[in-house]
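Pasting the structures here.
Below, subunit A partners subunit B and then partners subunit C, in two separate complexes.
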Partner chain A sequence: MKIHKPATLQEAAGLLAADDSAQCIAGGATLVAMMNSGVVEPSALISLANISGLNEVTKASDGSVIIGAATKHKTVAAFDSFSGAQNIVGIAAGKIAHPPIRNMGTIGGSVAVGDPAADYPTALLAAEATFEIVGPAGSRSIPADEFFDGFLSTALAEAELVQSIQLPAGPENAVAVYDKIAKIDGDIAIMSVAVVMASSGDRCDYLRVAVGGCGPTPYRVAEAEVKFINGDLDVAIELLVAASDPMSDVRGSADYRRKVLPRVLRRALITAQQMGGGE
Partner chain B sequence: MTEVLDTIGQRVTRLEGKDKASGRAQYTDDMTLPGMLYGAITGSPHAHARILSYDISAALEVPGVKAIITGDDYDWFRSGGHVKDETLLAKGKVRYIGEPVAAVAARTQKAAEEAARLIQVEYEELEAVLSIDDAMNPDLPIIHEEFSTYQMKVTDLEVSGNECWATSAEEGDIDAAWAECDAVVEETFETQAQHHLYLEPASALVDVDANGKVTIWGPNQGVHFIQTRVADYLGLPLTKVRAISPTVGGGFGGRAGPHVQPITAALALKTGKPVKITLSRAMDFETCRSRHPSRVRMKIGAKKDGTFVAQEAELLFDGGSFMDETPAVASFGLMMARGPYRIPNFRGSARAFYTNKLRAGSFRGFGNPQTTIARECLIDRLAQALDLSPMAVRQKNAMVAGDKWLGGQEVPACGFAQCLEEVKKAADLDKAQLPPPAPGKKRGFGFSGFAHISSFLASGASVQLREDGTITMNTGGIEIGQGASTILAQICAEALKLPIEDINITEPDTDTTPYNYKSVGSRTTYTTGRAVKAAAEDVADQIIEHAAAMLDCDPAQLTLISGGQVGVKADVTDSPLVNRTITFKEASLRAHYGVGGPIIGTHTFVFDGPPFDREGSKMKAVVFGNMGAYIYGVQGAAVDVDEVTGQVEVVKAWAAADVGRAINPTNIEGQIQGGFAQGMGYALFEEMVWDNGRLVNPTLMEYKVPGVKEVPKVQTIIVEDPEPGGPFGAKGVGEPAMVGVAPAIANAIDDAIGDRPNSLPMTPEKVLDVLDPS
Partner chain C sequence: MSDTLTYDLNVNGEIETITAPAEETLLTVLRERLHLTGAKRGCDQGVCGTCTVLIDGEPVRGCLTIAALCEGVEITTIEGLATPEALDIVQQSFVDTGGIQCGFCSSGMILTVSSILKSNPEAGEAEIREGISGNICRCTGYEKIIDAAVLAAQQINGAAR
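Presenting the complex of A and B:
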């Protein structure tokens, strides 16, 4: 198998465009498992290892954080300059699988799979992240809720790659709760809930809730967030549950996901309140 | 007071541990032979179908392919444990998805796999029988139409349709007994298929010589068993089959029968070249063995004071596509149903069924976990009905030495009551000391009592004294990670009062090794160990005879002295020989070069415990004539149940095991802790799931076992009530270590939230349905 080592993302996108069965490899945490099980049989691998600046987390002067696509989970989990709302991403990174996988897997590889039960997508949605994408036609940015557009599907077009993910500063005083339900520690989530909540005084005035593993993509329901801010916890939960469309798999049945979702939402929201997100 | 010994009771470091920990150990897939070919298997895509034809032409075109075999290439040599119902490759019919229908040998793994994919088989699909209920449905097809023609050892079997085994036993007057009970409880429990998850997937390397003798390496739990089964499959005499045990990457019963050895041997014979087959994890899952899924209905009645009066047990086992160990699992499950309790009136039956799934077979516990979960959960229910403590009810009914096991055998030793007492003490202490559960979680405590066996069938051992006074010990005890080599070496060293370094252990090899049934049934320590001890004592007697001749005295005056010497006994004080010694080396040199010949001690026996009283206990189609050296245990668990999600966290566990005599406490603790982890997987996480006959979770991405974050601290308690007949009083511990875990956890869940699921695994979903039935 041919292995390419481009020096720039544009070059990588060109290689992808030239060979539609080639695959990009960074950490290989997902790709190699898929190759081993015969799900994908790439004609060539395009290594992203030689592209500079792709594996850094940087804090910009406006308080936003930019995470390079090839940044390993362990680096994101250990990054200590997240503020407020951004913390949800660091917390979720620390809950991905086990240390050996966190030492290899990268954020770009994780999000590009588009698995609704994976940890990053749910957290990135709650953090209102923006995806910087490079392709043969140039660059573009897409908000998280457009990036995840279907089950195991993303808005990435042919030969496009994720360059980086930008986390806006968000409310400085926000608290973050990531409630992941998994069969055993380190397993892919049965379902998960990411909450970012902020308050002025003891009143919640900012909420983002994302639900993972309960539909083809992680999702938010803006109306539910408004209802919660207006003090209606029960209706907020109802709206979020109504938007779910879970399926059954070996980790849990659709019935269980439907049943546990309102319970976990309630726990996560109340936990966030207690942490100072606002009453 | 137990006698103070040199090596028995010592925490001897595992003899094979360094090789395994350093990566030096050679497993079968690490081995290659000159000119070796690689094999691959074509599996059935259907759960139940007739084979109409094969087309191997495209596969033969693949460069490097040396041979292809299908069911058409073989006469009808059937093999199997109790009933001969399996063929080397599917013949005429396929009975589960993945069943080998053809196999290829090629120069490379890639070529073999490509050819295996290109083999075309034409099928006529049949309706599949996928559960116990399906198997009892007379409208569904029969899986083994020729069942009545199969060879079997038992004559009192009465079954029809897809039912493949039916066994029963009865004692006392059960119908009259229910009237004497103040409380009666009855429930039905369901248990799932569990995979052994040995680290090393199935693998075999087979060489063949010019005379057609095959030599087989592969993970196994008994070289003699592999030898006979491969000979059976291929129609060979035992002179033409040699089985050798390399390092084995785990067993748990999963290697109690053959896996890919027979097919690999067939390819080696066909090509005349060495062939190796190693299965992928997924193929191992799909084609080897599982624990028997079961449905167990049980009923227990007691008097007001908690005294057990009557018990009824109806066990149904899903045996899968082939019989394998099902008759023994059904028989054993039945004989364990009453457990280590006094219950004067008993009626039990165990029925097993063919289904179109992977064969169920031997697995740590062997039918016992399925009955233990029912009995031990019902004991808690009975205690609740009578407003008694479950532990007190167990203590009140615990059997003691001199009581009779189901089947009428008197048990000569029984540390069960002590196990109960010790676990109770430890748990009571912890109840006060454990940090309280986190908010939103409820804490519960649960316990279980259980027993198992550690002897049946035959074992032999040979112990040879070498010229330098050291020992070479040869047994068929297979080191499957359970510590057999170390334990057997400790027994040998003790019997000869030698340091363990002076014992060399040979690799089990049917060409040279004395017969050993298998390393299964928790039998190695007691059964193979007993053969080792007697063989070593035979050597000791011969050494003493040489020494007596050399010292010109009566052998009765002499004894072994630690470190490989013979001297006069302590009570001989007035002899001129008092300070004289003869070393093993001196005696051995005399034997080798002077008088008598090299010293070899041997011993073989077949378990000689009392037979079952088949008439008195109305036993029908029970495949065991006898078994014994019963072992006892008690387990307890503290769990926190998450009221939001139904997830169960085990926060602490206690496990007591009556091992007769602890030969190596560290090894016993390891067995108990490992058994707890495997039992916890069975209780909470593990389940092989089939969808329409297809196994949907055949990889470690989907099949989850508890890891380091899930398994709690397991406090181990070793109870020693010496077993007469056991080597230095010892008996086994391997299987009971997992048998009581699921009921202890189930009872703890019940204690925490007032009820528990009646089926395993107790997933968050099932527990949440108990918490919130809406």
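Presenting the complex of A and C:
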């Protein structure tokens, strides 16, 4: 195995393009665990540590927030300039595993795995994040709902890597609720629900609900969001549950997930309402 | 065939020159090349916390850290906490409260508690519980470990006053 320490993203993409089994490494929290268990045997590690600007969170003048791919979970969880809808991402960051893992793991590393039960993907979907991608052919952006395209799969093509994730400003007055169900605190979620809700007066007029851990990718159901805004909580929940396609795994059976999901959705939506999301 | 790399690590204030295969983790280098066996190999997956060491004062998993990428940071292991004459306050409080049974988790627990109290000397039980939530102990039931951390906090704060 070789170790490369490129100074730019373009250089990193070039190294990825030149070697099929090279892997980028930022925090190492997922990749080195996979190396230790023999799931991956990279021919080279491309360290992103020397690429400037990759480990920062910045607020732009239009209110959007840009999170560099190598930003640690700890930094995102502690960032204090999220507004409204963006808060869902900071809350989810603080729920990832335990403090030492949050000192290591990065947002780019987390999303690139494409695990539907991970915390960031669900939150990023609810925040309507956009992914900035760099590859040998240049840059492109992909919305979160296209980035996660299958179980442990993303829209990243060969030799592409995530540069940053942009969170739009969203409604200023939105409240954020992240409801994570896990066997024990800090474990990977059995399921999670991310809710971003805003109101005008006491009526909900904006809702994004993302469900994680209940299908090959985290998902939203636009029709369910409209039903909820129109006052039909029960139908909204039914539509979201109908769209689930849960797996059975060591953390819970598909039946268990189907049984619990409507209850978690109800709790998260009602909590958001009570926090001021509107009725 | 893996590249063999030569690089310098700052471990417990000493610069150590390492020559090792590129993929070796910090845990392997510490235990098998520097013979600092305080950090333990438990799960090798980042779950159990027995391999915890401090990098620039913050707890991380030695088993998930590639050693060759640790140039330029300060690594602290349990061996770097005490002087030959006396245990560190946190170590002594673990001894005094019975926070150590089999000892397998102790290095990671003590380093983690030490880091919590350094960054937040006012840490109470809730902060301590959150801080050590990534370290598994299969003997004590955690109560004596929390007692130890609270005792250490009291002593650090007492000494500061």
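Note that in this section the second predicted complex is superposed on the first by the 279 of 279 C-alpha atoms of A that agree within 3 Å, B and C clash if a C-alpha of one lies under 4 Å from a C-alpha of the other, contacts with A are read in each partner's own complex, and residues count from 1 in each chain.
Operating definition for what follows: a contact is a pair of C-beta atoms (placed from the backbone, for glycine too) under 8 Å apart; a residue touches a chain by one contact, two chains touch by 3 or more.
What you see is a predicted model, and the numbers here were worked out from it, not measured in a lab.
Enquirer: For A:S81, decide between first (touching subunit B), second (touching subunit C), both and neither.
Expert: neither
Enquirer: Which partner does A:I25 contact after superposing on A: first (subunit B), second (subunit C), both, neither?
Expert: After superposition on chain A, A:I25 lies in contact with subunit C alone.
Enquirer: Looking at A:D185 after the superposition, I want to know if it touches subunit B, subunit C, both of them or none. Which is it: first, second, both, neither?
Expert: Both partners, subunit B and subunit C.
Enquirer: Once the structures are superposed on A, label A:K2 by its partner contacts, choosing first (subunit B), second (subunit C), both or neither.
Expert: second
Enquirer: Going by the contact rule set out at the top, does A:M35 touch subunit B (first), subunit C (second), both, or neither?
Expert: second
Enquirer: Pick one for A:P100: touches subunit B only (first), subunit C only (second), both, or neither.
Expert: Only subunit C is touched by A:P100; subunit B is not.
Enquirer: Please work out whether A:S47 is in contact with subunit B alone, subunit C alone, both, or neither, and reply first, second, both or neither.
Expert: So A:S47 only meets subunit C here.
Enquirer: Going by the contact rule set out at the top, does A:Q274 touch subunit B (first), subunit C (second), both, or neither?
Expert: Touch partners of A:Q274: none, neither subunit B nor subunit C.
Enquirer: Residues of subunit A that sit at the subunit B interface in one complex and at the subunit C interface in the other, please.
Expert: Residues 33, 37, 185-186 of subunit A touch both subunit B and subunit C.
Enquirer: Okay, in this complex, where on subunit C does subunit A touch?
Expert: Per the touch definition, subunit C meets subunit A at residues 2-3, 5, 21-23, 25, 44-46, 49, 52, 55, 58-61, 63-66, 68-69, 112, 130-131, 133-135.
Enquirer: Under the stated contact criterion, what part of subunit B meets subunit A in this complex?
Expert: It is residues 282, 440, 644-647, 685, 689, 696-697, 699, 701-707, 709-710, 763-765, 768, 772 of subunit B that touch subunit A.
Enquirer: Mind pulling up the subunit A residues that touch subunit C in the complex?
Expert: 1-3, 25, 27-29, 32-33, 35-37, 45, 47, 49, 97-101, 103-104, 185-186
Enquirer: Spell out the part of subunit A that touches subunit B in their complex, as residue ranges.
Expert: 33, 37, 181, 183-187, 190, 250-253, 255-256, 259-260, 263-264, 266-267
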